[in-house]
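I've put the structures underneath this note.
Both of the next two complexes hold chain A, though its partner changes from chain B to chain C.
What follows is the complex of A and B.
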């Protein structure tokens, strides 16, 4: 069974449900403290940086955590082709560490700026829809998603607006297909305005990968959409219909939710590797 | 002090910066049999504050409130109450609940005040060994459009910021709560917070020195933020009337740090797990009001043993704090742990090395600061010399004041309501008033999703529902309620109605009510009319809790397992807040999948009303909207009838006979129906039509009373297929149930009077007014 490390940096707060999400798709998950010995990291096949407020978001969200030795070690493992998923604060760490998009290793080329929406700034917690695009990250994190399929997931962040000052970086992200997930309408069209576009990110980006596609910085929380019961009962669209129809049926409500596709894609991609003994 | 007369005693006390009364000072001398040291005087001053001692309220609470039932594992007395949840995979689980106020700090410094409110209540639940799985808050603010409106709006914004900044960073989901606006909170807002925890029955940790300390040496470990002077005098501050100038009072407010709290909770989890694996029995307590002195003496006294605390060993933010500051300051983010001396080094290693507290946070660490004694003496040492030395029971004995109660004089005959000519305009106005508008602009700041346990979240239904144990069918539901206008109009029946509403909210989502907590916010208890309100409110609370158990008056009550009393809620103008008991209701579900919301689900279904409307519009939202007044008579309450209605509704929801269930509360039937059509945060576009002639008895009741009476009841949405079974259930239970309307294909909200539309509005129009009214306050 492939092994995934959920990285516990002081201040993160989603490590337990993230570990449960990985276990739900058949991966072995262990919560690994940031200060465990360097040798620990090479024993894992995948790494997840969960959400939270690592080191209190001192300086900028993710900035202090990005300098940790553990993040360097994980970057080395990623360079060997292992996948890294950063969720919310974890995404901020990956961007601050220069791993996403990672055109010039060690350089911070993107930022997650404060949300910007008409009449609604600051921290925002709500369910939104994303859709998976074509790109190198698809085989790692979205192989189970149908093209254009609207996937409901919750966001909870104050700084989630992917942005760059460098037009060349923006151009390459776009042309190389590094925006793996975009905010969408409930019907699956690209989100044009608030609340479907919740934060004003460039290219409506909800999730951006590196060029190889094995590192994803994803602002929404797929681990909070892992079971059908987590879908708001009044949600529009298919998932809402399914949720309402399942009231009173525990087995259905305890069945898969929309965010599971991210973890399932990861597990599916890891399965043959583990099977042929490719584990480091 | 000994031998001093009242005047010189007063002068001495004031000079020391304390708030003891001369009578209390004499009692202290009598107990100590000598003059106190400065540290001792500060300890007594803190421990005998109203906030810590419940000196005015305890005897009333003890006399009237039921605290035991088959569901209760631990009632009031420690930091939190504990209730049975159920068994999953052979493991017995319990829910831990605590409820407190943080009113004065939130008025003076709203962000920090509200944040430390969350921080404190979370510690109360965590120190029972529980994982904190949710917080809920009941907020009371002044009139945002009144004379002090700009201050009120600043406080709203600050309190909301404090709640989200702390709770979101800590990683505890917000389960909602309620918000009420009234001018009498202009100078004294209320921030009441509830925290809910989950614990395995065999892992409950008590806040006391364990029995084992009689057989082997035990030490006291203090862990967390380095002690500083913040919050010094906080308990006394919470126990006095607020002064006009906030400037001088800010030092009493503690400084929150959710980051450190999160790290500490993780480290505590590892330490408690390890102690359990090693078979070591520990005592655990949070540091709140009264700081080290209060926590250590209560740990010792609860175990019937004494303690020596060495103040020189307390990690401090800087050198040179006076002993009384180290002993009593209310520095946040600290816990006290009592463990056998033989494991102390390992425990320190967990905190200081494995979780690296000193590296992660400047000055944070765990340190051994005291030792359990074999006798019952309690000492604090500085430079090797005692600065406090007394039998522990003297420190924790407490004090009591029997205050007189006097009923308020009755007001004159209330001014009659003007007739309503334009019901559409009225409804448009009502759905946008601060008390009835959507809470969504506030809730969107709160992380409702973290931990992944949510089934029904804040704002989707009358109560929040969670699946606390992963993979289990066991569910729990939480609600918090309070209607200050009703309680002001009638403290006894108003409070009883609040209990009913809490229970209605629980059963509406299919949860069996199992426990209540209360936070009783009142004015100055030395005023006999305020204390009279308090006494009657507590009686109403107790009587309702006893009458509304599933089996009625002879059976077990819905016990009150935790709570808090907050007096002296009045501004410098001398105007007290409305008497404001706030009740949280906790329910459990054998199978959380039955939980439903109040949102309309299907076109072509039937709307059923249970609960006759009453021609009583006193203290209603309608009366306030039409006249700006909140006087008059509130609806009658018949405990037995309400009990039967509540449990019939529970059975209907559990059996899936209702598509939707919503309790009728503020704004009456019309607002309840509108909220159902609105459907939480996203309308399904299902309309609703109610001919008001069908709303019922007595004939000749005004359309205003039919639509806006806040008499207790429910609205249900029932499918045509289930209607017969639904009505049969209510008939068998001896409870009224009347078909009053139906759902519509088109998204319209219609109220008809003899075929003529009183209201015929596009849902979207109403929804927009409702959704946007509060937004400017928090943007």
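What follows is the complex of A and C.
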């Protein structure tokens, strides 16, 4: 069974539900503290940086955590082809560490700027829709998503706006297909304005990968949409229909939710890899 | 000319503390980061063609006698009216600074509207916000070695270099010695320079 490390940096607060999400799709998940010895990290097949407020978002969200030795070690493992998923604050850490998009490895080429939306500012906590696009990250994190399929997921962030000041980086992110998840309408069309585009991110990016596709910085929280019971009962679209149809049937409510596709894709991609590792 | 408010925590500033600890790790053995402080800067810009002296009396009262900008239990402040601030802004003794602003418009429209609702005053066109980091450093020669320390602690370049400013979201002005207020105003009012120009 493939082993995934959920990295517990001081201030994160989603490590337990993230570990449960990984276990729900058949991975062995272990919560690993940030100050474990260097030798620990190579024993894992995948890494997840969960959501929260690493180091209380001091200086900038993710800025201090990005300097940790553990993040260096995870970067080394990622360079060997292992997958890394950063969720919300984890995404901020990956961006501040220069792992996404990573055109020049280690160089910081993006930021997650404060949300920008008409007539509102600050923290935003609600459900949105995303759609998976074609790109190198699809095999790792979205292989189970149908093209254009609207996937409802919760967001909870104040600094979630992917932005680069370098026009060349923006161009390459677009042409190389590194925006794996884009904010969408409930019908699956690309979101063009608030509220479907919740934060004004460039290219309506909700999730950006590196060029190899094995590192994803994803602002929404798929681990909070793992079971159907977590979907709001008044949600529009297909997932809302399923949720309403499941009222009163516990078995159905315990069925898969829309965010599971991210973890299932990761698990499916890891299975043959772990098997190879076991044989070796 | 604009009026300026500088505020800082007088309780322990845990963000500055963390920046100090992280900065020390980044600097290495040859350099010392003795102290680091953080201030919030508010620039009160008059309406086009106007003067700050029209509003800064009422504004000063709002700063001093309400907790709109400053909570006196935990913050200290300096309110510098246009006639009092002088031509230059000087760093604290022994320090050099990094003034950072968002790459977006620095105006805080929401704050302006709330201020005008609670403290009606005329002639105020915009409130602009920025952050200042003050650093006390020493290099191998005993001087502050600002060039090297700014490279290591200022604008983020890679995972090992830079800390306080992410250039994709922020723009920075190095304050090494006295800086003219006109330069600070231009830095805050004009659009942030293009990324490659800034680099």
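Rule of thumb we're sticking to: the second predicted complex is superposed on the first by the 277 of 280 C-alpha atoms of A that agree within 3 Å, B and C clash if a C-alpha of one lies under 4 Å from a C-alpha of the other, contacts with A are read in each partner's own complex, and residues count from 1 in each chain.
Operating definition for what follows: a residue touches a chain if its C-beta (ideal position, glycine included) is under 8 Å from a C-beta of that chain, and two chains touch if they have at least 3 such contacts.
Computed from a predicted structure; not experimentally measured.
S.K.: Looking at A:56, would you say it contacts chain B, chain C, both, or neither? Reply first, second, both or neither.
M.R.: A:56 sits against chain B and chain C alike.
S.K.: Taking the superposition as given, does A:163 touch the first partner, chain B, the second, chain C, both, or neither?
M.R.: The second partner, chain C, only.
S.K.: According to the stated criteria, A:218 is in contact with first (chain B), second (chain C), both, or neither; which is it?
M.R.: A:218 sits against neither chain B nor chain C.
S.K.: In the superposed arrangement, does A:125 touch chain B (first), chain C (second), both or neither?
M.R.: First partner only.
S.K.: Which of the two partners, first being chain B and second being chain C, lies in contact with A:109: first, second, both, or neither?
M.R.: After superposing on A, A:109 lies in contact with chain C but is clear of chain B.
S.K.: Quick check for you: in the superposed arrangement, does A:66 touch first (chain B), second (chain C), both or neither?
M.R.: In the superposed model, A:66 contacts chain C only, not chain B.
S.K.: So in the superposed three-chain picture, is A:13 touching just chain B, just chain C, both, or none of them (first/second/both/neither)?
M.R.: Once the two structures are laid over each other on A, A:13 reaches chain B alone.
S.K.: On the A-aligned overlay, A:183 touches which partner chain: chain B = first, chain C = second, or both, or neither?
M.R.: A:183 contacts neither chain B nor chain C.
S.K.: Which of the two partners, first being chain B and second being chain C, lies in contact with A:44: first, second, both, or neither?
M.R.: neither
S.K.: Would you mind checking which one, chain B or chain C, touches more residues on chain A?
M.R.: Of chain B and chain C, B contacts more residues of chain A.
S.K.: Both chain B and chain C touch chain A; at which residues?
M.R.: 55-56, 121
S.K.: Using the touch definition from the top, list the residues of chain B that touch chain A in their complex.
M.R.: 164, 168-171, 258-259, 262-263, 266, 354-356, 360, 443-452, 454-457, 460, 467, 470-471, 473, 591-597, 599, 601, 656, 679-684, 775, 779
S.K.: Tell me, which parts of chain A touch chain C in their complex?
M.R.: For this pair, the touching residues of chain A are 55-56, 58-60, 63-64, 66-67, 71-72, 75, 96-98, 106-114, 116, 121, 163-167.
S.K.: Please output the residues of chain A touching chain B within their complex, sorted ascending.
M.R.: 8, 10-11, 13-14, 16-17, 20-21, 33, 35, 51-53, 55-56, 119-126, 154, 156, 221, 223-224, 226-227, 229-230, 232-236, 240, 244, 246-250, 252-254
S.K.: Once bound in the complex, which stretches of chain C touch chain A?
M.R.: 14-15, 18-19, 22, 25-26, 102-104, 110, 156-160, 162-164, 166-170, 192, 194-196, 198
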